[in-house]
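Down below is the structure, laid out as C-alpha cells.
Lettered A, B, C, D and E in written order, each chain numbered from 1.
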C-alpha cells in the first residue's frame, strides 16, 4: 500500500473540496512546485530553457486552454494555431504600442483579445457539433493565418512580414529579446502557467465547469436541466481562447522571439495541441501537462537517444522518430484510451491495493 | 380551493395546464389535441401503450419539443416560446426515459449540476474560488448531501456515473432532478429496470418528496401497481389521443383503457 | 576540431530539397577532411541536426549544438534565421544565410554576426528583371510581369523591389499569391492565361513549384518566359512536369552541373570510398551544388580566419572576422576546383551581403539537366541598397542597436 | 440439473473491469437445452456482466473474464469472437436497447439476419413473423430507429434477435419500458419460441414475478455471487424471494404507499 | 458570348473539375466514417503511401534500400527495370489490402466501442507512423508519377469554345486539363459503384450498423474485423486513385498527404456519411472557391481559397448541420 487515501478523513465540505484532497498528492505537488520555482532557476541553461522548459510551459498553457474547450466542454476545435497567432500578434502590437507596459499585463491583455476573437469564431458551435464543428473550426485557422499574412498593419509594415519581439524588462531584467536570461523567461512562464493552472482548476470544479461538462456529456439533457448552451459554449470558447492566446503570446515573445503566421501558427500547431490533450487526458488539468510533456519531450528524447547515443544518421533518425511517435500514440491509446492522466489514476488505484490484486 | 386527499395531503390550484396540444413529426402524429392539467401538490400519472406519446408530452412541457398547436400554461400564465433551459429556470425539473446522466462526472457533480439554476457567482469569483464561489459551493453542497442521504447513495458519491449499474443510475438521475428543488417534477419511467425492492424504495422517495416538500409530480410508468397506488389522477394516452383521465380507480375500470393498454390480466 | 553544426531538414514537405542541400554541405567538409586533412590541418566536424524546417526545432538544434564550440550556423530556413538572429548576436557565433534569411542583414553595421552573401532575394528580383530587360533589348515599357508567390513572408520579399523597379522601367507588375502548400493553383494559372503576361516570376517553395510548373506547361505558357527564384530551381521542381518543363528558367548564384574539377575529387575521395552522404545519389543536383557552395564559403572563411588570427582553432568571433575578410577571387575558385562556379566575393565589415551577382539557369528536359544561360549579372544596387538601409535601420531602431563603426 | 443436456455451462467465472474492479466473484450456472433460465438480482448484482461475458463483448468495455470457463454445447467459447458466437446460435439482446439509430426499423431487423444463409425468402418470412408479434413496428417500419419511442426500440431489439434464428437467446431485461400487456406478450413469445422452435433462453429480468412464471429454472445473484438457485416454482415459493422479488409475503400484495422506510435484511446474506 | 462571360464559364468548369479532385480524397474519408464512425485522419497519408508504393513498383525500387545501405554500407537501388503499370497497380492494391489487414489486426480491434475522438486520435498516430514508414521504405525524394493518363490542355475543347466568342474578340478558347477530365470520369464511376454497394447490399447495411453502435453490431453477429478490413481496403484503393491523380500533378512527395486538408471542407459540406455527398460537396466547393477567388478574392489580396472553402462549408452547415446529404444527427432524450 504505497499510495493511501484512507486515514485522511474530511470533516468539512470545504476540506473535501480542496484542490488536492489527498494529503500525499498535496505534498507531492507542493514539492514539485517548490523545486520548479526555487531550484530549477539555478540549474537552467539556454538549452534547457529553449529546448525543454519553455516549450513545455508554452504548450502546457495551450493544452490547458484547449482542454477546457474540448476536454471539458466537448467542442473539438482545430483553430488553436489561429488563436495562438491572435495572441502573438496582439502581444506584438501591444509591446510596440505601449513599450512601458508590464509584460504580465501584455500577455494577459493578449489573452483577453484572443478571447474576444474566440467568442466570434465560437458562434457556429451553437448549431454545429462533433467532427463537423472540428472541421469547421479550421475556417478560423486558415482565415486568421491568411489575415496576419495579408494585412501589413499587423506586422507593422516590416519588409519581411515577420514580427520580432523587442526587448522588454521586468524589474530591470530583460524578459524578452536575446539578452533575457534563461531563468527569467522560465520563471515568467512558470508563474503564468502555475497561476492559470490553478484558475483553470477552480473554474472546472465549480458551477461553470459543471455546466461545460454537462454540455459535453449530453448537451440536450443539459439544456433541459437548465444549462444555457449559448452561455456555456461561448464561455468555454472565451476562456479557452484566453489561455491559447496567452500561450501564443508566450510562444512568440518569450520562446521564439519572432514569428511568422505560416511557420509558427500553421495547422500543424492546431493538431499538436489536440494530440496533447488526447494523449494527456481529455477533461483533466493534469492531463494537459502530461500531454504537453509527452509531445514536447518525447521527440527531443528520441532524437538524443538515436542521434546522440546510437549515432544514427539524422535523416534515418528523423524518419524513425515519426514512426516511433506514431506507434507510441497508438500504443498508449490502446493501453488507455482516456489518456496518461487516467493511466496515472489507475496506477494509483493499483498501488493502493498493492500487493493484493483486487 | 385546496382539496385534501384521503391521506391528508393538500392539493392546490392548477399548476400546469396543457391545452389542445398537437405535435407531429413529419407524417407521424405523436400528439393530437391533448389537454389536461396538473394540480399543485398532486401526483399525476401519464400512462399509455408504447409510442403513445407520453415522453413526447413531457418533452413539450419541458420545452424541448415545440408543438404545432396548443398552449402550455404554467402557474396561471401562458408560456411563450421558450428554450428548455428557461423552462427549467421557471421550476420544472425532470428525468429521462433513456438515462441522460452526465457520464463523465461523478454522482456528486451530477447532483450539483442539478442545482445549476440556483447558482450565480460570476466567472471571476469562480476563478478565484476563495470567497463567494466557495461559500456558494458549500451551501449547495449541503443541500445536495441531504439528497444523497435521502436516496442512500453516499457510497457512490465520487464514482463516475458511467460505471454504475442501471438501477443506481436511475436513482442518481432522480437525485439530480430533486436537487433542482423544482415546483414540478417530471419523471419518465423512473422505475423501469428495477426489481420490486428497488421499486418500493423509489416509491418511498417519490412519496416523501411529494409529502415533505410539496413537490408536484408528473409520472410516466408502465408498472400498474405503482401507478395505481401512487397517483392521485391518471391520464391515459393512446397513439396521440387522450383516452381517459381520472382517478386510478376510474381509469382501471375503463373498458377502453383495458382494451388499449392494460390487457385482460389487470 | 572545427565545429560546423549542420541544421538540415530531411523530413516533411520540403525534405527532398533539404536532403540534397545537406548532402552537398556534408560532402564538401568530408572532402576537406579526406583530401586535405581538414582546414589548415584541423579536422572539421559536422554534427547534423534535423530541423524539419520548423522554427522550434531549429532553435532546439541551435541550442543543443552551440555549446560545443560551434563556429557557424547556416539554418537553411528563413523562419529559423529570424529566431536565431538575436541569439547568434548574443552568443557571438556568426550565421551565414546565402540566398535566404533576412535580406537587410547585408548591412554589417547593424547585423554584426549575420551574413548573407553572395546574393539575396532583392538581388534575385533585380537580376530577374535585368534578364528580362536584356531579352527585350533593354526596354520593358508597357510589358506585363506577373509575380506568383508563396503567400508567406518569404514569398513577399521581392514585392517591394519589384515595385520600385516597375516604376523605374515602366512595366506593369501584378502579384498573385498562392497559399501554402499550393497543390491547387487552377485559379492563379487561369488568371495568368487570361492576362497573358510577358513574363512570370515565381517565388515558390515545395510542392507549389511542381504544381506551378506543370500547370504553366499544360496551359501553354511559354516556359522560357517563366523564371523562378533559386528555391524554385531544383531538379525536384521540374521533373514531375516531365517534358513540359523544358525551357523553364530559374535564378541562381552558383554554377550547375558536375563539370567542375572538384567533382573528380569527390568521386575519388568520397564516392569511391563509400563516404559520400546518401551514397552520393544527389551529387550534381542544383541543390547539392548549393550545399557544396555554402560549405565552401564557410571553409574559406574559416581558413581566412585562421590566417588573420594566426591560430588553428577558432572561436565564433574569430570566425566572424574571417567571414568579414573573405576574398573569393577567380584564382582562388580555380584553386578550389570550382573555376567559374560562382562570382567573386569581397566581404567587409559593413558589407555582409556581397555584390549581388546572379545568373539564370535553364532546364533541358531531354538531357535532364540545368545549364547556365547567362553570365552572373549585377543587381540594381541603387534600388536595393536604399531598401537595405531603410530596413536595417528600422530594425536597429526597434531593437535599440547602435550601428557599429566600420574602419 | 444434469450437465449432459446442458447447452451453456458457466463454471466459476470472475470478471474484472478496468483491471481493478472485481465484479463477478465466481459465478457458475447451467442453461439446459430447451430451458428458460432466469437471472434475478438487485441492481448491480452482475446480471448484465454475466450475459456480456457469455456473448464475449466485455472486452469492448475494458472488462475481462479472468477465471473460470464458459462452455457452449460442450465447447469452450471464451475466446470466440462475438460474431462466431452468433453464427453458432448465441444472440444477445442488450440492456438499454442499442438500436442502430440511423437505420430504419426494418433495416434494424434485417441486420439481425446478417449471419443467416438460408435465403431471402426465409428472412422475409421471419420479418413478417416479427411484425405479427409487434404490429407497432410494422407501422413504424420506415422511420429511423433513433426516433422511435423507448418501448418501440425495445421491440426492435427483441425482434432483431429473433431474426437471427438462434439456438440460445440472452435476454437482458426484455420487459424494461414496455407496456404491461406487451410484457405479457414478450413472455408469451419467449414461451412460443421455446416450445415451438426449441430456442433456449437465459434472461436477466427485474420483473421477477413474470420471469419466474415463465422460466423453468432461476438463479439469484447478489454482489457478483449466486446466492440461491432452484427450479422456478421452487424459488417462487421461497419466503425471501416472495418478500423481496415478488412482493407477496404475508399474504396479500401490499400497496406501494405503505412500504416502510427501514432496511430489511435478507436472510441469505446473513 | 462575350469573353468575360466565357471567362466566368471557364472558371466554373475548372472549378467543377478541381472539385472532383477534392472529392476523390473525400471519398476515402466517407467510406471509413460510414463503416466505423472513425474520422480517418490518415487518409491523406494513405494516398501518399499508395502512390509511393506504386511508383516504387513501377521503377523497381528496392524497399528500405536507403536503410539497408546505411546499415550495411551497400549500394542497393533497384532490383530491375520495374513492373508494367498495370501489374504495379495490382500489386499496390495488394499492399493496401495487407495494410488494411494489419491496421485492423494491430490497432483497430483494440479500439472497439471507444469515443470518436479517441478513434480519431488513433488514426493520427497511424498517420505519423505511416509517414515515417513510407519515408523509410521508399525514400523521401520527389518521384514522378506517370501511369499513362492523358494530361494537358484539350485542344478540341479549346478550339470549340473559341468559336463561341463574339467575332473579333480574339478569344483563345477555354482550358480544361485532360487529367482532370479523366479524374472526373473515374470519380463518378467510383461514386456510383460505392453508392450501390453501400445502399443495396447486406454488407452495406452492416457498415452503417457498425458506424451506429459497435457493441450492438457485434451482438447481431457482424464481424467488425471483416467489415473493417473490407472498408479499409476499399479506402486504400480510393487513396491509391487519389494518389495517382494528385501525384501526376505535383510529383509523389510528402505534400501529397496534405491534400486531406482540401478534402475536409468537402466532407462537411457533403456530409460525413454520404458517398454522393462527397462528389456534390466537391463540386460546390470547387466552383465556390474558384468563383470567389476570381471575383472577390483579388480585391482581398488573393489566396483566399484555403479559408473560403471552409467558410462556404460553414455557411451550408448553418442550415444543415449534418451537411447536405449527411445522415440526420439524432437528437433525442
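In this section, contacts are C-beta pairs under 8 Å (C-beta built on N, C-alpha and C of every residue); 3 or more make two chains touch, one makes a residue touch a chain.
The UniProt protein names, listed by chain, are E = Amino acid/amide ABC transporter membrane protein 1, HAAT family.
Please read all numbers here as calculations on a predicted model, not as lab measurements.
Among the remaining chains, those touching subunit A and also subunit C are E.
The minimum number of touch steps separating subunit A from subunit B is 1. Counting C-beta pairs in contact across B-E and across A-E gives the higher total for A-E.
Rounded to whole angstrom, the centroid-to-centroid distance between subunit A and subunit D, based on C-alpha atoms, equals 47 Å.
Averaging C-alpha coordinates per chain places the centre of subunit C 74 Å away from that of subunit D.
Distance between subunit D and subunit E, defined via averaged C-alpha coordinates, is recorded as 45 Å. Separating the CA-averaged centres of subunit C and subunit E is a span of 35 Å.
Residue positions of subunit D touching 2 or more other chains, listed in rising order: 21, 147.
Multi-chain contact residues, meaning those touching two or more other chains, occur in subunit B at positions 64, 96-98, 100. The set of subunit C residues that touch two or more partner chains comprises 10-11, 15, 19, 151, 179. Chain pairs recorded as touching, per the definition above, are A-B, A-C, A-D, A-E, B-D, B-E, C-E, D-E.
Across the complex, subunit E meets subunit A through its residues 39, 66-67, 70, 106-107, 110-111, 114-118, 120-122, 124-133, 135-136, 140, 261, 264-265, 267-268, 272, 300-301, 303-304, 306-307, 310-311, 313-314, 317-318, 321-323, 329, 331-333. Within the complex formed with subunit A, the residues of subunit D that make contact are 16, 18-22. Subunit C meets subunit E in the complex at residues 10-13, 15-16, 19, 151, 175-179, 181, 183-184, 186-187, 190-191, 193-194, 206-207, 210-211, 214, 217-220, 236, 239-240, 242, 244, 274, 278-279, 281.
Per the touch definition, subunit A reaches subunit E in the complex via residues 70, 76, 124, 127-132, 134-136, 138-139, 142-143, 146, 150, 220-221, 224, 267, 271, 274-275, 278-279, 282, 312-313, 315-316, 319-330, 333-334, 337-338. The residues of subunit E lying in touch with subunit D in their complex are 112-113, 202, 205-206, 208-209, 211-225, 273, 327-328, 330, 332.
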